[in-house]
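Got a structure for you, written out below as structure tokens; questions coming shortly.
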Amino acid sequence: MIKKVLVANRGEIAVRIIRSCREMDIRTVAVYSDADRRALHVLYADEAFHIGPSPSADSYLNIDNIIKAARLSGADAIHPGYGFLSENADFSQRCKKEGIIFIGPSPSAISMMGDKITARKTMLKAGVPVVPGTDDRITSDEQAVKVIKETGFPVMIKASAGGGGKGMRLVSREADIRSALRSARSEAKTAFGDDSVFIEKYIESPHHIEFQILADSHGNIVQLFERECSIQRRHQKIIEETPSPILNPEMRKKMGDDAITAARAVDYEGAGTVEFIVDRDRNYYFLEMNTRLQVEHPITERVVGVDLVKEQINIANGKPLRLRQKELKQHGHAIEFRVYAEDPENNFMPAPGVVTHIDIPYGVGVRVDGSIYEGFEIPLYYDPLIAKLIVWGKDRKDALERSRRALKEFKIAGVRNNLLFLGGILRSEGFVKGEYTTHYIDENRDILMKNEKCEDHCEDIVIITAFMEYLQKVKKASPKEMTAIKNNWKDYSRVRSVLKL
Amino acid sequence: MSYEVKLNDRLARVEVINQDGNQLLVSVDGKEYELDFVQIGKGSYSILHKNRSYNVELIPVNGIKRYQAHTLQNSFDVEIIDAESKYIASRKREHDAADEAVISSPIPGRVVSIMVSEGETVEAGQSLVIISAMKMESEFRAPRAGKVISVMVTEGQSVEARQELVLLEYS
Amino acid sequence: MIKKVLVANRGEIAVRIIRSCREMDIRTVAVYSDADRRALHVLYADEAFHIGPSPSADSYLNIDNIIKAARLSGADAIHPGYGFLSENADFSQRCKKEGIIFIGPSPSAISMMGDKITARKTMLKAGVPVVPGTDDRITSDEQAVKVIKETGFPVMIKASAGGGGKGMRLVSREADIRSALRSARSEAKTAFGDDSVFIEKYIESPHHIEFQILADSHGNIVQLFERECSIQRRHQKIIEETPSPILNPEMRKKMGDDAITAARAVDYEGAGTVEFIVDRDRNYYFLEMNTRLQVEHPITERVVGVDLVKEQINIANGKPLRLRQKELKQHGHAIEFRVYAEDPENNFMPAPGVVTHIDIPYGVGVRVDGSIYEGFEIPLYYDPLIAKLIVWGKDRKDALERSRRALKEFKIAGVRNNLLFLGGILRSEGFVKGEYTTHYIDENRDILMKNEKCEDHCEDIVIITAFMEYLQKVKKASPKEMTAIKNNWKDYSRVRSVLKL
Amino acid sequence: MSYEVKLNDRLARVEVINQDGNQLLVSVDGKEYELDFVQIGKGSYSILHKNRSYNVELIPVNGIKRYQAHTLQNSFDVEIIDAESKYIASRKREHDAADEAVISSPIPGRVVSIMVSEGETVEAGQSLVIISAMKMESEFRAPRAGKVISVMVTEGQSVEARQELVLLEYS
């Protein structure tokens, strides 16, 4: 039995994993970079090991240092979370070699699903539908032009090693092929160290629907139903919900069965997600399999009533699944909102900085997973995801109403964030009706950016309050603070001269 | 004594007429408000106006004159305009009207790519520099057409928040 | 349809009700006493009306003032919460007269259940088992002595208008009858303005198990299963859970049916709770019916998947119940912990004061309902309940493990509270095994009061940390603060002379 | 310079040996600790000791010498003992040994009932006064046997925190 888990990750997912470990009475080891000494996962874990400088390549992606921390701490297992090393077959292999349990699938399952071309071929063989396109990696621009013309516009160029929307380019006309190819390759090289790509027919107005699966080491596989993930911006999910507004029981059953088939085809073990793309006519195609926990796993936890991290640990312990497919049901409706430190009004520019104040929503049907606290400085080196709001309701309408209440209670000050933008999506007609595709945000940007109307005299009240606070502070200001105020003048002079050069 | 207060794009004139304990009489743009005004914490206020309950949280932004303000429903940027603010604003207007501009990054990050060189003429909206931060790449574009006077960073370089990237001369 | 609800209550329940109203897009009106201008329900509601001085009798129990606030605000309904006027038939009647919807049962249902003797008689008639005892109110000491001797020791003297453990006295020998009677009467008079009492056989080592029911105005009644409420101190519930560790499906069905029968016997409408006492041999008896929302309603909400406040409002709107008995199921296990501002180390003395710091638990399976915030001064006039922690797990074991994690994350500073005591109960053997009666706390007091052992060097680390903080503060101390420090000396001299008189 | 620090009932001697940035060398009762010691907020600290992670929150209690301390697992009362504290402690010992005691209520409330009168002799544990606060009645009892010298409150009266209720003389 696993007694001590090293969490090879940071942020909300590291904290979330530690919580479940603590509930199972398993000791936890955090790892951290220079930038993360004050991060919540370091404060919350039983032990903490420094593993390198701030850039991820030197710390959270540094396999040697992480293995060293595991050995020093005596951890008998490593949980990789999502991102970073979670889908790195070499890391899984290395853990095996070191006699440390990797809480995730085997290196071969990771490799087969990690290489999108191998995955396509495996799925075709297993009888799972895939998007029309090439089954070979493209090595030359000439070959690419030829294949794309054969497939017919529009097409998607995708990184073979891809994931998370990186290294993807849409091409609609011949003139753009070469530049798209170049940029997809370059992004893939940077993100995955592998610049090979392949071509797929581009599915217009698609839905992105994924199925959660759990597979134990005894050959049992169950699917825990779908997550609708079509609310995306730049291929990054923002809001996810389950059940999907567009699935009926037959389609759910069929896709779920295919998800199990997909997992079985690679002898999968652990928690995984089979992603499908669904077109206008409700045809669905295998897109990829994420061989790890997903960011959006909590909505499945809420609706199905499982703790996926605990299931992962039980599977890693060699225990058989206690869940039976026929006993699994979806209870009510859950929606997740991803809170990012980014500025929607400034082209969603990432917004690192110090969190000065947080109001968190509570009460019936509300769960919050986060990694920030008042006074915490969000570092610039990592993903801008800082919190997740998960809301449950007995049906979709109820979940939407509760989400509106909870999002309004949620305030984060000091860093720009997308809470108001999330509120805009939540109020928008298409989302309320459940009629949206992956293009929804792009097609409705202007509507989504609108702030809610101010009730009654609230503007004037805010003006008065700020003014009273200012008067009070001026009265109280010590000589030292007055100097600080004066210094602003000096600063301004300096800035001005730069502006004027 | 009355002040100007800026809320998002609105400029309002505020004057405290009378204050007696929690009871506050104040006017905004000539409209009078009788309020039950109570501070409940640092920067946090409860205001009752004709039994309507408002809860306002103020988070200071650099000093004591600028705030992010939250109510349950909305968020605002608020600024108290005093003599100093007015001076700065007038300078800013001068600057906006100028024929030169420094493009700078509001956030720290790493320069991924520089897409123009010194002396090059650029169109409005043309990409100048790409900065990477928090796994995201941000493009910085020319606000107006003009000419690149100076490129102040190199590819691969780390930049601080507000560091200057490119100097443009508008045409 | 109800458009604006006045919440005739304060504290966590007022906030909780406002949340559901907000989700239903119903405007809310708070009422407050002098002591509560800064209370969370005032800050959180859309409108707030002052209804009188701090003592409840002058404010939260002041029917005229509350009705006046309802009229001024234009509220079309009043939600009474629990406690205060929630089981006051006159108030329900008055609302009716004023044309305001009372979100609760009819005056007659409240009266019949509110008077314990009438309730006993009604239940007997309906065929619901009641505890052996008198069916008449006792008016003289002589009569009491006679009846008690007939019933046989031990017996319980209970206030006819009683509830919440007030006006109850256990009598085990003849010598104690008169003094017990006197104090029960005096407490009943103070609490309910009615000093009539009755006698019941005292059930030894009992369980206290209650059933949640919902009844609409169309004659539909469903029961939402039980809550085990045997963890009590001085007849006040502290921890509740559902399902009960001692019920089997047959007993659950039988008691649930009786709960529905009980409600039907008084033409009940709204949410209500039928309380049973269960003896050693699993015989159960009707104890009383609470004609309102219970403090512990959230564990039912979690396990059954309903929002009871929304159901109450729908019923008040005259809508038929959408819940069908045969579709209702218990999913997993939920436990509620009541956090009180009281000092377990000092005989559970109430502890009003200023909350200086709160750490609230988050993550999977955790809900918190509360009414405090940093800087809030808990007034001395009202109930010391300041927060509720509700934890869900897929089974009892899972819920216990999660509760341990969540309780450890929960910290409230500035006011003494029972969080460590709750942790003590949670870790205790009898509670873990699910083997406990209403005497559990009294019988295990010494064990429950023990703090958990300090891990590794944690004591020394705490000593060092406090010392470093002190050194830093001494260094930074301004002349003003040094004066404050000096003043402590003066204070001490003053106190000393008082001590010495 | 070393100080005494009291944690619950334990008295420990603490000395800072060296401090270099986050690196702290300190001894407690002669045992040396090398710590990575970081303040993460007001009264909130993260301490790494041999890679064990401790998170300590300190909430001041009246001034700068007494704290409520929370770790994830435990809560403590901590007090820094300086010259002033020592003086107070010695006075308290004197007082505890005295033959008189004032019974006072630690909380505000209302006097529900007074169960003794002046001149009455009382046993140890005998009820003296009942105070009601937050819907709860609390009994105040005689710590030791003795005689009631003075009853300083009346029934129905409201009392403040720490107000004196009864003066006893121990026998």
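Per-chain residue numbering starts at 1, and chain names A, B, C and D are given in the order in which the chains are listed.
Assume a residue touches a chain if its C-beta (ideal position, glycine included) is under 8 Å from a C-beta of that chain, and two chains touch if they have at least 3 such contacts.
All values reported here derive from a predicted model rather than from experimental measurement.
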* Based on the averaged CA atom positions, which chain is farthest from chain A? -> D
* To do: Report which interface contains more C-beta contacts, comparing B-C against C-D.
  => C-D
* **Inter-chain centre distance, chain B versus chain C - centres from mean C-alpha coordinates, in Å** => 48
* Where the centres are mean C-alpha positions, what is the separation of chain A from chain C, in Å? -> 40
* Using the average of all C-alpha atoms in each chain as its centre, how far is it in Å between chain A and chain B? -> 30
* Structure fact -> Multi-chain contacts in chain C, i.e. residues touching at least two other chains, fall at 408
* **Contacts with two or more other chains, residues of chain B listed in rising order** => 52, 72
* Asked: Where on chain B is chain C touching in the complex?
  -> 22, 36, 38, 40-42, 44, 46, 48, 51-53, 55, 72
* Residues of chain C defined as touching chain A within the complex -> 15-16, 19-20, 22-25, 298, 301, 305-307, 310, 331-332, 360, 362-370, 394, 398, 401-402, 404-405, 408
* To do: Within their complex, state which residues of chain C touch chain B.
  => 29-30, 37-38, 42-49, 72-73, 373-376
* Would you mind writing out the residues of chain D in touch with chain C in their complex? => 3, 5, 7, 10, 12, 14, 16, 24, 26, 28-29, 31, 33, 35, 37, 43, 45, 47, 49, 52, 54, 56-59, 62-65, 67-76, 78, 80, 84, 88, 91, 95, 98, 100, 102, 106-109, 133-136, 138, 164, 167
* **chain A - residues contacting chain B, complex** => 341-342, 346-352, 356-357, 359, 380-384, 408-409, 411, 413-414, 420, 451-452, 454-471, 473-474, 477, 481, 484-485, 488-489, 492, 496, 498-501
